[in-house]
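Below you'll find the structures, each written out as structure tokens.
Okay, so chain A shows up in both of these, paired with chain B first and chain C after.
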Partner chain A sequence: MSTGQAIFRDVPDPPAPKRPSLGSRLVKSRTDYLYVAPAILVMLVVIAYPIYYTIELSFFNTPASLALSEKQFNGLDNYVTILTSSIFWKVTWQTIIWTVVSTLFAFLLGLGAALALHREFAGRALLRGLLLIPWVVSAVAASYVWKWLYHSDFGAIGALMVQLGVTDQPINFLDNTTTSLYSLIVVNVWKEFSFAMIMLMAGLQTVPDTLLRAAQVDGASPWQRFWHVTWPHLSSVSTVTVLLLVVQNFNSFIIPFIMTGGGPVGSTQIWITHIYELAFLRQRWGVGAAYAVLLFIIMMTLGYFYVRALTRGDDQRAGA
Partner chain B sequence: MAQVVLKDVVKNYGPVYAVNRVSLTVEDGEFVALVGPSGCGKTTTLNLVAGLISMSGGAVTIGDRDVTNLDPKDRDIAMVFQNYALYPQKSVYKNLAFPLQMRKLPKEEIDKKVRDAAKTLDITHLLERKPRELSGGQQQRVALGRALVREPRVFLMDEPLSNLDAKLRVQMRSEIKRFHQDLGATIIYVTHDQLEAVTMSDKMAVMNGGFLQQYDSPANVFANPINMFVASFVGSPAMSLVPLTAVSKGTQVVLTSPEGWEMPLSDANGRKALSATSNKVVLGGRHSTIKVHKVQVPGAVPGKVYTVEPTGDVTFAQVFVSGATVNVSVPPGFALRPDEPVFLEFDQDRMHLFDGETEMALRL
Partner chain C sequence: MTDFDRHAGVGRPVARQVFRFTVAVGLAASLMSGTVFAQSVDLSQWSPEYVKSIAGSTTYDTAKDCGAVVPNDYAGRVSYWYTGPFEADPEISHRQDAAFWEAFKVAYPNIQTDVQSITYNELLDKFRTALLGNAAPMVVRLQILGGVEFAAKGYLNPLKPEDVGYSSADFWPGALKSVTYEGVGYGIPTNNETMALIWNAKIFADAGLDPESPPATWDDLVIYSKTIHDKLGIAGYGLVAKQNAGNTPFRFMPQLWAYGGGALDEAAPTPGYKEVWINNEGSKAALQAAVDMYVRDKSVPVSALTNTQAENQGPFIAGELAMVIAHPSEYARMNDLASKATGADKEKADAVVANMRYGLMPTGPDGKRAVVFGGSNIHMVKSDFVEGGQVDEQAVKALICMWTSPEWSVKLNWASSNPGHLGGFRTEWMKERLEQTRFLDITTSMLPNGIPFPVIPEAPEIMNIIIPDMLQNALTETMTVDQAVEDAAMKVQAIIDGSGGI
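Now for the complex of A and B:
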């Protein structure tokens, strides 16, 4: 096809059009900006200002009252206080365990459920509906229910374990520094695996049936078919799901706050509950704000990867 | 390569029979096309041979082995799919190597087979690319290559050309035909395009409604369609069918229309018409066997031109005859106008007569 190439030869790229200045663009489409102005104003007030005020507070020593006009600038003192305190590292470690373990198990459980529900069988729609309940139920209500299930005297789980002969007396799941964090993780995984399930079920529907049949003819076992055909098709949606779960878990507040309030002895304290305690129970506004700024930076980093994962998927689909 | 035998193969989903008692034998090295309209059961039949769906009844033999209850991987078959079904995340090389890896062949042997297959299909320069970087025709060749590396006893092809554009389809058609000739491969090929079946296959199996209608060489199917369905399905444009009534007039048999015209039949055709279960007889004629006249001639029947489609070499026209549409062809110089009255003369030696009740061809 030597003639085919000649068609495309020696065609110079057209010069890039000069970008008009911001001012002239603003003037040119001023009505457009006018239309969105109310929304932008509202967002500036309810989103941008609180962010700004939190950042500002993080550089001040604040009185333990609401008389914040008496705050005193102290530079990076709040950040130094946080990073040098022993509780910071403990809470950070617990936050990492909470986030990683919750995400891992919620994802794996969701993947298992999605694969199981992908096949046709009687009662599939019903089971799918039932498995969605944890995600739909209010986190506050679920936390109170689980608190009772775990209760050392009246809890159903403890009673069941005694009856089955697993233990002699009910385990004190929540008032016990070794089991409390993992007990909360179980609740968290129960609460959010449906989300991973829904995401992955949607992902599974993009796996072409003929590819699986081709692999079957090629001699691939069910596991090999999953590994060579299904899993590569899920990589995009898995990345997004895991990132969303990480963000959600890093930020989760309701379950630890209601079930243990960070205790006992801070064993279930994670960043968010710790920030809440510092700011609103101990009135250390400045330190709390500095913590929040650190959290904000981490979240924005995760958010960047999330957006990148989303748009990369778009490029791939467009290129296919 | 091997012979494939289907014996009374049945697949039903409750009361719905997708494939109904299909029996046919594909000889070693034969190219057989399963052809029919969508939903006729041709793809289901292919999947039954592949073992991708379970049979409700009957048996499939490949070579001297009964494979009815074997998994697809144990049947020694390779399959080519309509949308190629290449693994998108794997390179061409890895796509070709995949079926061999699944059989746990040593690495050097895999490499040799992959490169041999790539050479046969002229895709060596594409080995490192990903499927999405290939054109449709190249992807199709890779799909053929993935089937080829396994050295299967039978190639099963499910509409492999349907995703290609018209020009490439013609080219790939001859490539697959060449592939068949060079390898002496046994191929079962599913298509809804009767032209593909006619041009490529040694034998074609025409299916409709889950039943095998006719299984013969394309030439025989074309010349002697067994019933009205096969007659109207094979050939382009389709054979025209005009429902009429057979009446004996002295020593002669004539076909009469509700409009009152009569068409005398030759002796042989007359005896065929009388062998029908009732006096309802359907006249069938291919465009090449029908002469168009602008004036009445003996034996010709009246009609009215509906549409005229010049194609350059030949002009096709549709003519209404007794409520039915008849496809005819005339030389490009022959001027026809819509709504013009014409007279059609059917060739007595090449016309087809069908039983109006059973829809079967009338034969002596």
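Now for the complex of A and C:
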């Protein structure tokens, strides 16, 4: 044994294969780079440059009376102005409520709808089509329709409530600082739960029937079958769906902008509408850019987790 | 014998000089009476009757008049961006727009035109972007407040009526104020309009009010609104207080000014735009009146906080809203809505249109009447920012002379506004318009009461953000009236001082 060990110790390791230099790798793959060059060029122009310019602009003061070419460098002032403003923290809190509540309810409704539509029943295709309508409808059109449904004086919902004797007066959905944000969240959930439904329906296709039947034979209740068989198979697609919903909700603009314009008294203002207001309505490009950079950092962080969630399976397979 | 006779010997040359001078003055006067150099109208007499009486009293030969400024055979090129007629605009606007370009081609056959019609909402952003890339047009027509931003940033060439053969006296003083930045003119008004108070006479009658008499003062309007609401259970006045919406200041500022308030000192005879008036007693009184209607009397739509005038049109045509502030074109819009209604709705809508009345804006407690002076101006861009780096000044002047002429300032604004050039009111086309467009005389007679928004680059932020914010703070009782005006004053002052937070 010892001899053998010695023999093994004496055998020199095979030389590691020499890694080709970067230059030679570039030359070797030049055709591949040529193929992707147009796409990279377009991305540099339409994505990288605007990002660079926004970051640069965030360090400048841009008074309405000066051309952008005459912008004044002010270091981190714009970031300090934003982070020390009480309005910013109020808007941030509203953005968190908007994003978390919208995502949670859109996901739960989507999951419920996906589970219901996964079963065979008459009219399933029709119902699936109907439930997709909110997602297909233009957000602008939907916002105007909901604005009238909610209308504090002549809205259909308010009129129905009065007719049914639920309330004496039409409910003030949008013209009240307490109810406005949640009223918009309802519209947002209505608009995007179909997206969660589609994603989760696709995920449900991957749950093996054999496992579900085996669990049933073993006497598992419907809840146990869902929790121990179905849900583990949905976890990856759920992570991706939630991340996509979070990103989508952080970037929501159309519904709050059209339905309330951020009011009343800024109660429906969220980050993206506030950035738009600062930059385009108040022409404070520098502050707006700094605000956008903060949002960009959050989006990139979420993007990192999204990519990780997407590639987790690949890594596991590669590890195996 | 007169002194003249006594000095006949030496007097002859003098007499000749006097004669020549007299002839010259007479000739000039006769020329000025019918040309672009005339003092067009007597503003001191301005009233619906006066507007009617002068319409059709003068004829103009636009091509010839502009030919005196830029020869009609001039060869050159001009590029132009403006908001022309779009699908929703009436047919007459499309016809007049096409007719202008035909007429320009006839008057200046050797001037090439490169014209883009861009929607109202897109024009400013597109123009800003083009300026950054030195790809702007030579001439641009912008909404009344649009130009000051670009003048302040140094993108525009100085331009005044005299540069294209007109006199500054041919334009509304308020309109000229809107194109003047730091004492220099940067454009010429193309059209001007004001709004008026519109009411439903039947609702007034049903509420026991005189159907033919609008509220004389803003205090009366508050009472009328409450009376209508209390007796009929519908909204009296269509208050508009949406955030980030231009509709809000256009309807609230007249009230603010009438009470003696202002954002800055824009309502003063010679505003300097340095004094903050938003927290003065007049501003407080105006805001209190709005609060009284919304909070105390509940006589205005609950939806006022998210309403623009567009949302008021439905309730008005349905007979559920008694009073609104709107443009001259609102009557045509209501006719349009009525024509699309069916059954019982049609009957109701037709009755509303028949009962529609236009009146002057209410006054403040001291009899002051005010309205926002709206419209558009035409500007010449500096060569540095124009595509190709060169502005063909002669071609630019030819276009601007034609566009702002008495003839075309009427025709190009047929359905939606009024001529910027006061001479337009004297034309036969104005007479035709007055006969065609109901209530036009009322809205035109409001023009002398027009006050332009502050002519500073920060005006959009003050008017579209701070004023609606102040209203919403008070109407939602988030702040008291005093707190709301002080909060607004602090924000306006911060903007004037160059800071402003977020």
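As a convention for this text, the second predicted complex is superposed on the first by the 282 of 320 C-alpha atoms of A that agree within 3 Å, B and C clash if a C-alpha of one lies under 4 Å from a C-alpha of the other, contacts with A are read in each partner's own complex, and residues count from 1 in each chain.
Assume contacts are C-beta pairs under 8 Å (C-beta built on N, C-alpha and C of every residue); 3 or more make two chains touch, one makes a residue touch a chain.
A quick note: this is a predicted structure, and the numbers were derived from the prediction, not measured.
Bringing the complexes onto one copy of chain A puts chain B beside chain C with no clash.
By the touch criterion stated above, A:261 is placed in contact with chain C alone, chain B being left untouched.
Using the contact criterion defined above for the overlaid structures, shared-chain residue A:134 touches neither chain B nor chain C, since it reaches no partner. When the shared chain is aligned, no partner comes close enough to touch A:112: not chain B, not chain C.
Using the contact criterion defined above for the overlaid structures, shared-chain residue A:284 touches chain C, although it does not reach chain B. In the superposed model, C is the one of chain B and chain C that contacts more residues of chain A.
In the superposition on chain A, A:232 makes contact with chain B only, not with chain C. By the touch criterion defined above, A:64 reaches chain C but does not reach chain B.
Our summary of the superposed model lists a minimum C-alpha distance of 51 Å between chain B and chain C. On the side of chain B, the complex with chain A involves touching residues 50, 52, 72-73, 77-79, 81-83, 85, 87-90, 98-99, 102-103, 132, 146, 150.
Looking at the complex, you find that chain A touches chain B at residues 208, 210-211, 213-220, 224, 228-229, 232, 319-320.
Chain C contributes residues 125, 131-132, 149, 152-155, 235, 242-245, 301-306, 311, 314-315, 320, 456-458, 460-461, 464-465, 468-469, 472-473, 475-476, 478, 498, 500-502 to its touches with chain A in the complex. Of all residues in chain A, those touching chain C in their complex are 63-70, 81-82, 85, 87-88, 147, 151-154, 170, 172, 174-177, 259-266, 274, 277-278, 280-284, 287, 291.
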